[in-house]
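Mind looking over this structure? Questions follow.
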């Protein structure tokens, strides 16, 4: 699998994350989506947890808009919040409804511990740190889904829809935009040689932790379901 | 001037703010807009400061989206950010351009101390407090402009455009929505008798301080111009 | 076991937490401390994770000082930070050293996922909410340790020191102070009937989640050790 | 007046602040302290505003403790909070009492707009930015008072006490510690050549704005008194 080109920072972070990045992007859940062997109950379990996740993920992007230093950064972050709240979350509501989970049931989902851990980690990184901490902690989800989606593009079978959304041009274009936002934000603050600064280690650590929390999120989806 | 009906909380806060509310909504700047005697230089000075203000105001609404407790609150706050960043701020750029202030000059505006005081007060209230602190600190600007706009509706003369925007149905409708958002948010957390709680005093204090900072903002616009 | 009297809010929260409170305060780890059957390796594993925990816990109390609304609240919160950073953490360093874990090893401890989840949950509750959210999320740790300590007081055996610290008068007195701080903070904002307000549900939810995260923390200590 | 040596970052920031630094450290208020011509009413007005200022200043240092990345940074920040809350603020209470302003009157002081602007600017810089933003925004007050105190050391006359406190060894030592904290924090994140990075411009801007807000604070003290 060739890594997609979502910019310089992502390439560096992804490379340094090493095996953990493979554990995330080649997780058994992903392979189950690919070959269609993922049990539907696991998929629905995932969708429900992902809905709760998206609420907090949108909050984190809103925090990024509050912490932006330029109007362009603010516009990019606020457009992402808008897309999450007014497009992606309603889509989840609809998909779940088509599988017999109505909105009330969806919103009553009990947040799994690993889900809580992930979203609070990202939000706290943003509150305690700055815009760059948020970008590094948000990147594995946004861009990892892009990379996974690309590798599943054209897939048919029971999860063809999921593959089409994340492998599709619209989402891929969003990934390139986010990658460019990240590159611009890092260089604007730390200059072109930022990878040599101690700050780069902190950012890598944000990316690495969020990557491991993504692995944990797939694990939830495959774990025996108690919701 | 009959006060417009933007909901229960606003009515209570406005009433308790007393004379300071009149100092804001009947400020000499407002009267100058009404009778057309406001010097154009003052108006342009105001527009430039207001542009800087809107950047931080949008950040505060983004923070509100991050601090929302329901999806509806998040959707309302994020829609406001989106409108500010993608509609209202470009409108300011355009209006200023039509008066010979290009985008570069506009973005190079030196923030007046009273402008800085106001926006940082609102943001800090939001960071240190919760969603309600933000609502109380944001209300005087959003809803005060609605009230002023309503009282200037149909005005012609040099500032007819300004009067048409804030007195117009679109902005009035936004004010009713924000008023409803505030009422819902307060009751959802503090119940129907919230005005009897000590918390009501803190919220009133947020509203009062922001009202005084609005007075200070009009003062800036009328002060000798040094930008 | 009679519940200690650390104030009204704690009593209410503890009561409503129900069985989960027992799962935390009567966890197998606690019983192992009591009867001395806790393997030393588990105890050391716990001490190391607890050191990492205390760092973030102190940060959360510092955030409480930043979000305090009165000088007394600020003084109480800052005294707690001071005690954690200048007394409790050095004590951990010393205890670990006496078991052959030097400071470098201690500070190199890899944060367990359940540890990260807990501390980031508390910090994020504080950043996104207000002082009361922090108090509700901090209470299970501070006051639960008091309750456990009290039930283990006078214990001898290998964990006599731990039991003496948390069951001792100094820590019990701190618990009563924190309980009073919480009671004062809640009443000061929400009035004497705060338990009838919707806000009480959110605070209970903060307390409940932190209680479950405490259960998870004991679980870490008993889990096979990979650090 | 030779600038005191409180470290590299301070020297750079102070140098780049240029004339504004002189406007602050050689303000008419300072000269009035020096030659004893400062009216006592102005001094008392200053003390009262400064008390309100210290509350928020302590909150900002508490936020720094919450945002620290090392235990040493946390210890330094929390020691400062502790000193402010448990030493410096009680000293203000005592000094004011000796001039006939009792604690109730002191705590009822109406915050001047320029006071509010300053503290909210610092806190918001800290919340929206990171530890370094806080350090740059806090430096002009802490270290500027050190520099002023040093230049007034040994002064007698009506303000001998003030001069003795800020020119005294204890405060000078604190300034060297804070200077070292700042230098360590900047290098730890940005490396030895941090002054060449774009980030240095943002930090300078934080320092410059806080310096101007200090000028505004002295202006308050000399303005006609309406409290």
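Labels A, B, C and D are assigned to the chains in the order they are written; within every chain, residues are numbered from 1.
Just so it is clear, a residue touches a chain if its C-beta (ideal position, glycine included) is under 8 Å from a C-beta of that chain, and two chains touch if they have at least 3 such contacts.
These numbers were taken from a predicted model, which means no experiment stands behind them.
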> Along touching chains only, what is the step distance from chain B to chain D?
Replying inline: 1
> What is the chain whose Cα centroid lies farthest from the Cα centroid of chain C?
Replying inline: B
> What is the size of the turn, to the nearest 5°, that moves the C-alpha atoms of chain B onto the matching ones in chain C?
Replying inline: 180
>> When I count C-beta pairs in contact, which pair ends up with more: A-B or A-D?
In response: A-B
> Centre to centre, by mean C-alpha position, how many angstrom separate chain A and chain D?
Replying inline: 42
> Could you state the distance in Å from the CA-based centre of chain A to that of chain C?
Replying inline: 32
> What is the distance, in whole Å, between the centres of chain A and chain B, each centre taken as the mean of its C-alpha atoms?
Replying inline: 35
> Taking each residue of chain B in turn, which ones touch at least two of the other chains?
Replying inline: 59, 66-67, 123, 127-128
>> Touching residues of chain A toward chain D in the complex: what are they?
In response: 66-67, 69, 127-130, 133, 187-191, 196-199, 202
> Inside the complex, what are the residues of chain D that reach chain C?
Replying inline: 55, 58-60, 62-63, 65-68, 71, 74-75, 77-79, 81-82, 85-86, 89, 107, 123
>> Show me the residue ranges of chain C that touch chain A in the complex, using the header's touch definition.
In response: 59, 113-114, 116-117, 120-121, 123-124, 127-128, 209, 212-213, 216
